[in-house]
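Multiple structures are listed underneath, in structure tokens.
There are two complexes below, and they share chain A, which is joined by chain B in the first and by chain C in the second.
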Partner chain A sequence: MAIEEASTLTTARSSSKRPAGTLYRGNTGMWSWVLHRITGVAIYFFLLVHVLDTAMIRVSPGAYDAVMSTYKNPIMGLGETALVIAIMFHAFNGLRIILIDFWSKGAKYQRLMFWIVIALWVIGTAGFAPIHLANVFSEGH
Partner chain B sequence: MATATLDSPPAPAEAPIPTFTVTMMVRRFDPDVDEEPRWQDFDVEMYPTDRVLDALHKIKWEQDGSLTFRRSCAHGVCGSDAMRINGRNRLACKTLMKDLDITKPIYVEAIKGLPLEKDLVVDMEPFFASYREVQPFLQASSKPEKERIQSASDRARFDDTTKCILCAACTSSCPVFWTDGQYFGPAAIVNAHRFIFDSRDEASSVRLDILNDKEGVWRCRTTFNCSEACPRGIQVTQAIAEVKQAIMFGKR
Partner chain C sequence: MSTIIEAPRTPRERSSKGRVNWEKWGWIYMRASGVLLIILIFGHLFVNLVLGQGIKAIDFAFVAGKYATPFWQIWDVVMLWLAMIHGSNGMRTIVNDYASNPVVRRILLIALFVAAVVLIVLGTLVVFTFDPCSTLIPADQALSFCPVS
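Moving on to the complex of A and B:
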């Protein structure tokens, strides 16, 4: 048994066996990282489109206005709401991560800081979303 | 006396000590037979003071001798029996039955991110390879007559990271390590920290250089899974943050 095990170590026979079991039950730290990654990727794709549509102003102001007017519909309005909510989480949690890395007590207070991030996020969303959605669904400001 | 006592081995007591039946769901894998790992459930009679390791022993000794797992000291010192218990990395010998929800099955599986060998045994070699790479030994040129003197506060500087038992609970709880096996992982950084901040050691700049790498400390995404998984209570993420700062601003 011991000899067999030693030989498997050297041949790395089982390298293709990737254990996929239960979901790892991480805590606030892990889920904040998951959310940070999801919002980060979403914001990245928005930025790609945003660079393109803003660049249209160099093509011609008319083209820019044409693109902008296609954004003025409820679906894009909901998308904008989601975008701002994602950016708010990413921004607040980004500050938390900076504090973890640079503030000597950051790691100690990471959980408290996570709940502060969530509180700021909820407050920010509550302040922004109703006003923005009212604008979107009343057609024009 | 109906309360549980500290007599962990089920000795025949005069007064009956309450027991309960626990369902253990164990993720089995026999490389000779199985293509994929599979879950198998066992019912075992346990005392509240028993540990998950005792349950595994009962299965192995009384129900299925083919169940394979590592354990040596069984008292949380050797670091052999790190496994994923109910979705979290724990030492089986330090996880008491009474601390788990026994109304539901207890899920036990191998730690994640290292090649699975059999049942709960993984190939630890990639883990130890990263450990060796950070040069986890004292490097000093002085040749003192008796000993290298160190003040109490200098000793306290790296006290937390001396506690590591190399069980791999931290490294295999790290989402970065699961997807990027090249990452040094928390345990290697912890053991580098132990010597980087040791006033007697002279090779801290070498270790900081090794860790100032694409696959070094900068891979850390501060998920704190490692700090929560560590059976010795080492503040792993804190240690990694200190190494990051030492690379950027020098040792403090």
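Moving on to the complex of A and C:
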């Protein structure tokens, strides 16, 4: 293995000076994996439901509007907000995984990229949540 | 039973010479579909939840308006196929990681496969056979622009 090449098994030459486990064990590498897995499962189960609720447009306007009215309820609105936040983490961290795999410096900068993912996630949440919650909690429709 | 973890970057044993390496293509698919899904899903969320009144504006007429153009039909169907296969393949990885009982594992994998096929077929049919003025729709629910039957 070339000396320059960063290994996925050690963070010895990572951008951080802190000793840690490996890319996957302990610290950011492991937690990003845990979150990626949990968000992936959550999005998967929502997708199953979402295809079925959208299929109601093929039944009748009344059937579709009835199922959509449940999504406009405030409790569901909080759930939708959480789901979009989960998708944002999965999407940004997915890009980080792809960069670790394909970018020659990906493994070296995986920890820095994790914090960039978190920053984008916070910015995305700050952009989305107020708009969606305002729509959900506004009167009338 | 002894499990040997090989050194990283050990060349894979070529027992299946000449055959398709599905695991490799699955790995590539997760990454390729992921990049496309970022555009498709963020676009989907922006148009449906952020623009205008967001979720409050979504009803039958809103969807009928979107599916009046092939653009959103194709957008949604491509997103459906990519996401359903990506999600199911990801769930397959997770099942393989945690389901140690071979019978349970087999049942879960079959369930994932069946769910994926059924929902991809259903969703694709819904988008491409959708007719906002379908004669199956009760007259009192019909949209105003539909011819009165």
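Convention: the second predicted complex is superposed on the first by the 113 of 141 C-alpha atoms of A that agree within 3 Å, B and C clash if a C-alpha of one lies under 4 Å from a C-alpha of the other, contacts with A are read in each partner's own complex, and residues count from 1 in each chain.
The definition used in the following text is that contacts are C-beta pairs under 8 Å (C-beta built on N, C-alpha and C of every residue); 3 or more make two chains touch, one makes a residue touch a chain.
Remember, it's a predicted structure, so these values are computed and weren't measured experimentally.
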Task: Using the touch definition from the top, say if A:Asn135 reaches chain B (first), chain C (second), both or neither.
output: second
Statement: Of the two partners chain B and chain C, more of chain A gets touched by chain C
Query: Now for A:Met30: first (chain B), second (chain C), both, or neither, which partner does it touch?
result: first
Message: Quick check on the superposed pair: does A:Gly106 touch chain B, chain C, both, or neither? Answer first, second, both or neither.
response: first
Message: With both complexes overlaid on chain A, does A:Tyr71 touch chain B (first), chain C (second), both or neither?
response: second
Query: Do chain B and chain C land on any of the same chain A residues, and which?
result: 8-9, 97, 101-102
- prompt: Where on chain A does chain B make contact in their complex?
  reply: 5, 8-9, 12-15, 17-30, 32-33, 97, 100-102, 106-108, 110
- prompt: Can you list the residues on chain C that touch chain A in the complex?
  reply: 8-9, 31, 34-35, 37-38, 41-42, 45, 49-50, 53-61, 63-64, 67, 80, 83-84, 87-88, 90-91, 94, 115, 119, 122-123, 125-126, 129-130, 136-138, 141-143
Chain B residues touching chain A - in the complex, by the definition given at the top: 27, 29, 31, 37, 84, 86-88, 107, 109-110, 112, 115-117, 121-123, 125, 173, 175, 221-225, 227-228, 235, 237-238, 241, 244-245
- line: Per the touch rule, the chain A residues reaching chain C in their complex are 1, 7-9, 37, 40-41, 43-44, 47-48, 51-52, 54-55, 57-58, 60-62, 64-65, 68, 71-72, 77, 80, 84, 87, 91, 94-95, 97-98, 101-102, 128, 131-132, 135-136, 138, 140-141
